[in-house]
């Protein structure tokens, strides 16, 4: 809600696009947070050796989602081609991370929560992509 | 809520501390987001030349709040001395940024919203600092 | 050199690919640094109002190059499809930022330096892309 | 060198301070890179379970060094109190991370390299701190 308010109070394009952009900014920021926490929780698990791929993808997903969230926060007046390629990278990493976390969601609740958050970011980025292409 | 759930599902210290940590993680992440948006909105204003200090502080605050949020997301098992000095830096930058944004909150709604978000992060960091020292 | 040493000392894929990865990690990290400094220098210029697009692209480029550098630092054992889409995003943003900075390189020395650094990151990412596809 | 050139070409304070600031910007950026690589190399080690504290500190150190490097890149015209508290946090985290990595530098070459890089960042931040207080 603050995100949307801030978009609406900034001088820039019309409000019709604002909801989708705000949803993606927030979903990516939340995925970045969930992935950072999930990586740390995986690291604390007894079976950490089996969670290496998950920890790496969590870290990659956190970095890319954070960067995407920031780029989108500046995007109202930005280049569409740039937004598009950034969203494509974010869709790819959130999908990969969600798939990895889902594969052991039954064993680790933090992976289940992280997977859900990544799926929401993936959907928000896809919705925005569909609207700008 | 996801933040707190994730803290609670990770193997680590007791739940009594979790609320304060989760509040600080979320408040810092939201301040990072608001500052990135406020910097961009300031840049789009006609009077951008008078908003240089605000844009710089917004950028510094976004970077430090984002880093603080990540460090706290890993902190449950971490060194208290490190958490303390990171929180002190975050309190300093959110206070400075809030003061700057408040000084032209009357003219720019994005600055008013950003100032509020920074104050919430400052308070959350102070509350956590008080609990760990 | 430290970057390459670190890649070579980590358990992972063979050394033949290491030079290209290390070059891209370093070139992206340097572009992130140059863009952050160029954005700040643009902001301090008298003609800041004419440099809005440059400041925004500098900020986007800094964020994406930093994320790309980090993802590549973890990539030796990672998913090729992810590396590919991240490199594509980085090529796009470094090219756009270089073009923007080149357009006023004659007036601002920081833009000339930033453009060169972005072009090096673009080339390093393209070379790595060509090798993995 | 590019870092210093960029500082010197930006409108701001005198060149006498520029060498120390540029040294700290670069040392922190290199520490961020080394820590990201060291965390990933630790994760790939057979004895990953014994390297949990190292992986966490590497991640914290990478995030804080990256943020410090960015804040310093904007600092020429900035608030001294802010620079001070940020440098203090960075000194703390680079020292902790160096100590941790040194403790198993004999076993893991990536930890030895990371420790050296963290010590250089610690020294560069201390030198800058001493000059501004």
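By written order: A, B, C and D. Residues from 1 in each chain.
The rule is simple: a residue touches a chain if its C-beta (ideal position, glycine included) is under 8 Å from a C-beta of that chain, and two chains touch if they have at least 3 such contacts.
Values in this document were obtained by computation on a predicted structure and should not be read as measured data.
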| Per Cα centroids, the chain farthest from chain A | D
| request: Determine the centre-to-centre distance between chain A and chain B, using the mean Cα coordinates as centres, and give it in whole Å. | output: 19
| said: Could you work out how far the Cα centre of chain A sits from that of chain D, in whole Å? | reply: 27
| remark: Going by residue number, chain A touches two or more other chains at 40, 44, 56, 59, 66, 70, 74, 77
| query | Are the chains arranged, by touching, as a line, ring, star, complete graph, or other? | reply | complete
| task | Enumerate the contact residues on chain D facing chain A in the complex. | result | 39-40, 43-44, 48-49, 52, 55-56, 59
| remark: The answer for chain D against chain B in the complex is residues 56, 59-60, 63-64, 66-67, 70-71, 74, 77-79, 81-82, 85-86, 88-89, 92-93, 96
| Residues of chain B touching chain A in the complex | 2-3, 5-7, 9-12, 25-26, 29-30, 32-34, 36-38, 40-41, 44-45, 62, 66, 69-70, 73-74, 76-77, 108-110, 113-114, 117
